[in-house]
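Chain IDs A, B, C and D follow the sequence of writing; residue 1 opens each chain.
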């Protein structure tokens, strides 16, 4: 399974994936290791992952009896190859996780996430960089005690097990974390968990060994951000009931799935509490940030791949209509141009946010992360939609990655907070500039009026 | 299974489904029978079809072995009820099909199609008004000889069998009919069919008894619109190979499906030719027109239902975020307003096109049909998307009809000709007005210059 | 000054100005008088007004000393011609103003307003149908006493004088009428007016004889809608100070203008009060409604004219770029198609609102008027913008009517209430449907669950 | 005339004008001189230019007799101040013009151009950085001989005279340079120029001393890019007739103007030819590039200023409607957020293009310049439009800079080539990637099929 792209190496290879102007702007910020790793990721995705896509889908069982029990074996094969090349756990930045991390900045890993986004979702998994494991590993690395790290972080980092993060609940508006209803209460040496969650990604996977469950341990605490705790629940604990997989536009994303899960009087030992009582909210706050940037960069990779497919479809000699290839019609040329613009603007925005995280931290890049999340997903959806339209019926079916890419991107418009919430936050942050602007304008008007006076003119300000 | 909506009857009921202003504009054009039938359709959809939706989906088999062999029994039960009420084959207008048609205008049936569009796709089927059977019945009624009518039209109109229309081909740009590659050739008393089609809707259905197959019988004819013939192929003829169902996003729409089908040396008797050799293109031209209007009106029903769901979600007391229902946030109120505007504008456009067909014919309404197709689907997609976004994760899954509605609507942007082709046609028709405008403008300029002269002024025209 | 369009008469002429499908939908609602008048308006605009456009603009003085003192004489000439043809005060519907009105419905006059919108703004004035006189005449006709009618309504209806409506104030948010600060108080037999208004249309015109001034006579009234009164102020009353003309983009719309006006201790006799103390708000509520529809229809006429110009520019043989006329490029063809769609949808929406006013009244058409106002102006702006873009530099200058049309349309996005306010109102009205939808949905769910139960299936609702 | 913004200096000042994340991304590319100059430009614009805005407009004559003869004296005062601070001719990059240039990169000057764009158009002129003089100085510096430099470049660089560039012609599609009709022919020792131009910016200015006129000297040359020559025409040469100023949405931009000019048998000496016969096209090609980037950056400054005004209007306590400031309505907060996103994305795109010019040259940044031009102007127009809408009537009049800013931006959608042309070029450049993508995809499919084979599975590719 080898494929050569010819003599391209270094910058020449990289600028096949990122516009030369953007590369010119950011390349100084790449270390030699970062650049080398980026090139390795490009080659791994192009030559190992993408040619295995059809096989992956064929290896997912269509029999309901085994659909959630079999993992396509190609994934485990790819994981071995990636690990052997050092393409493993790249998301964990040494800066934030000195013990276990990889020496990559957010900007550097961002570009790698984009490349991963050019493949099917198992591409990230091949390099042990796929959600929700990534965020969960960060939680264990940052907040777990040694025993928790030994038990769960080590096998997760080795790619031996998978995990789930149980936050979203049915029947409430879960974009507001204070609405959580799952109960987490102490009974002697045990913690008892009762709750009804859904959209628990990965909970269907036969390798899923552990759920991190968010619930309320102190629902009457006046500080609504101290009511929650986070508890480690082994996937096979009695009372953990995976009810059904939720579908995203008809896709169930087996074998991982996004499941409805009921925790029915689940009992775990006290030591399964993460950090401390009442600190659940604090933990999830720390869990996001860079992760959103990675989502964004993957979305850009998805959009770039869609544009590649659009360019190919537009020049497909077999698919001439009315004697012309699509590319000979003016409208599609204009669409191609807009795709290029949308993608390049989106990438610049996310890279600047990633660099801002590196220069300060996730909090310092709050506005930039919010902007990226909203703008990038919108643009990526538009690009993928244009590519679908150019493909006609082929664009919405299983023969291209476009429809499932679109569906996945569409979920990002509400996942981790809906667009509307991010836009309100961003708008309000921006409005905080107003008092200073008023001061400046008042001073300016005063000077202006004085000037007008001096010239004997009447001001209308 | 009965449900009363209270005392609403007549106009009061109708104006729950169509804005009072639109109803005021078109009601004079409804006959008493048309109005009465519309009310019956409303009640049938609301009280019989929609409450059966969950059951329908539960009765579709998830076992690959039987998924394409079992028809949900609720459909056949609903068909009986509809037939008993006279809600049957309403799409066949008596005006165009005096022998077998129903005395409804396109405008009247259009409004009924909208109501059908408020239900799942089996709603139309319940009243024997679902594609592709509708178009196929029109073909048999208009172009079939008596034997063909007895054999195929009668059981189709009785809802005893179903049918497929095999036009689209893999590997070519099928929006241009001259690209068809399927071969239809005479050998003695037989017709031999060879071809590779896909997106053959209904071909997966166990009740599908017949395919109408378009192919080239005279590929070298200088008149590219005389190269094609249409032939009747029994679904069980040797050589008819249903390869796989195509998916729309992740939906396979079992048990009907949209299938890849290979016709491998299929032999049928000469009498299975429709109309005559070389008249296939002429037949498909006649097959469209009103059908597009019906698609559009169903899309509007879909959009109205999505708006209903959006209104409910926005006022859901259980789903307060940050202490407020969604409807207490200004942005969603604005979105609701735009949904209302988009739907009302879309409906007016289609109703005016339907009325134009009634006043002239499909050809006389060419521009109006093209406008409707492009504009309505775009608006409906936007409305459904807003409703999905308000629902968060719930909006893209199997628990609301939104995601599958969106996916279905999305296919209409290329089905029966992509938007781009319709817009080019429409734009070119409009540009034909230019010469007359130039004449008028030149006359006007001449007068203007004379006037300026008379007043001793210099014209800059 | 005569120009023949050839043999076109009746429907053939009308369907050059309104799509045949729309005409087919509404023509039954036109009386023979309405249809005949429409044809006369078309001919008057095309053959009398439009060829006089350049002359009109040339007759507006560019000398600051006379710019606001001279009325282009062509206007008074056209007024005579229009009056002679009975094309006079057509906006006053006999239904609402039995004594003085013309027997035209809102639907009928709406189409005439569209035709007027195809000309420069003096076109409406030529037929004595131009704002703000129209609304002011309605106020006098509906709320004025006999003396007021004799003094002001008669010469206004004769086109002898012009008028202004002084509502908007500087320094407050005037889209909320309760913010008005102008003081109107009684002193003996006199009313004293003090206030600072702006955007008083027509106040610059040498023929402007009267201002209707809205102010607060009872600012402490607990009912905020009883605080205002409306008073008649002769334009030449001492203390009426026209400060400066406001510009719209760079246009001052001389000689009428939109002026900043200070009422500085202006004294008028008691009899100049309209209706009664505290009824100002009630009067302005009655002043709107149909007027908004007329604005909308004029906007559609403006958009149609812009599309005409776009079609001509796209086919201009002198303006080939890269060897092709613009119309030979695919993108412009698509733009033309969208213009056609936008205009036809806009017109249908307004005509349905106009018809709803006829069928009920302005209150019965509240939603439809709001929808029209927001949607039509947006679409018209888009159409004019596309036409401008096709014209390049020529499109933004004084050589086409496009730029000034765009500027005028742009003001309609906030005039008579900004889009945002209309959308909020509309959205809230629509949200009132929610409780009924919830009831219906709950009933439906109950039936569905029963059905599932009966079949031994588990409902996920 | 001094105004302090308090203690802000250095980065703290700069990040009031450019988002901190963008500054973090590009600051390494600023030299100490560049950064220092940027700060000086900020202070000059804020404290000297903007408070003088009302005075400037008041000093423009409204009397037609003197409107094109008087230059507001404030401009010449500001020029002196700017020159004294070294804020002079900053646009001329030393890299490209080693003799006369300033040591600033395009990236550095780009940010300064943005700051200039925050002021009225005389702000650029104050620093001798305004079009069309900038482009003309580049032409003289690059292509002029010593005598031409002494005669014209020196006084232009000193700000003693102004200039015009006469390219666009009436009656032809001038976005295609081969359509030019102006004739430039040799007669003995003289060059005779005959032509009809319009939109000649600056030709109305009393200080305008020279026109650079493009015409055809060899109209039959088979190479359509060798037909043109460029000639220097003194503004006072006999036969140079400035016919009228063209308006942009009602603005005539006096005293500079955009004029219709007829060259009627104008005779100049042979030495007035620039470069050589037949090299006119080559010269204008070299004239663009960086200039477009500067236009873009100024547009961003305009958009930032509009957003400032929007933030102020949204929080204006005097302008509460229905008891709330605008900022307390959700919709405007969302609009503010989108403005922020649009501006930041626009700036990143242009800065990356500017940096690409620095890293390569204008040709190396071809795609990036085209992308910038189209995307930035679109975004800036949207931002200014949102700000106008928030201001209501105030937003379109002379009391804010918004309407004239919008009008100016609107012209950039066709100036230097309409959007459509840039998008076609960009799309075609992007489509050139297709063959390589096909090769890669074919290889990938081959590997995929082999993999499927190996596992006994059937590929559907």
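By definition in this document, contacts are C-beta pairs under 8 Å (C-beta built on N, C-alpha and C of every residue); 3 or more make two chains touch, one makes a residue touch a chain.
In this text the structure is predicted, and so the values were computed from the model without any measurement.
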Result of counting contacting C-beta pairs for C-D and A-D, higher pair: A-D
Computed distance of Cα centres, chain D from chain A, in Å: 38
Chain A and chain C: spacing of chain centres that average the CA atoms, whole Å: 50
Distance between the centres, which are taken as Cα means, of chain D and chain C, whole angstrom: 37
Chain A: positions in contact with at least two other chains: 329-332, 334, 398-399, 420, 460
Topology of the chain contact graph, where touching chains are joined (line, ring, star, complete, other): complete
Contact set on chain C toward chain A in their complex: 244, 329-331, 334, 460
Parts of chain A lying in touch with chain D, wherever the complex brings them together: 1, 3, 5, 19-22, 24-26, 28, 46, 50-55, 58-59, 307-308, 311-312, 314-315, 327, 330, 332-341, 344-346, 348-349, 351-353, 355-356, 359-360, 364-365, 367-368, 371, 374-375, 398-399, 420, 422-424, 426-428, 430-431, 433-435, 437-438, 440-441, 443-444, 447-448, 450-452, 455, 457, 459-461
Residues of chain C defined as touching chain D within the complex: 62-64, 168, 171-176, 179, 198-199, 246-252, 318-322, 329, 331-332, 388-389, 392-393, 395-399, 403-404, 406-407, 410-411, 413-415, 418-421
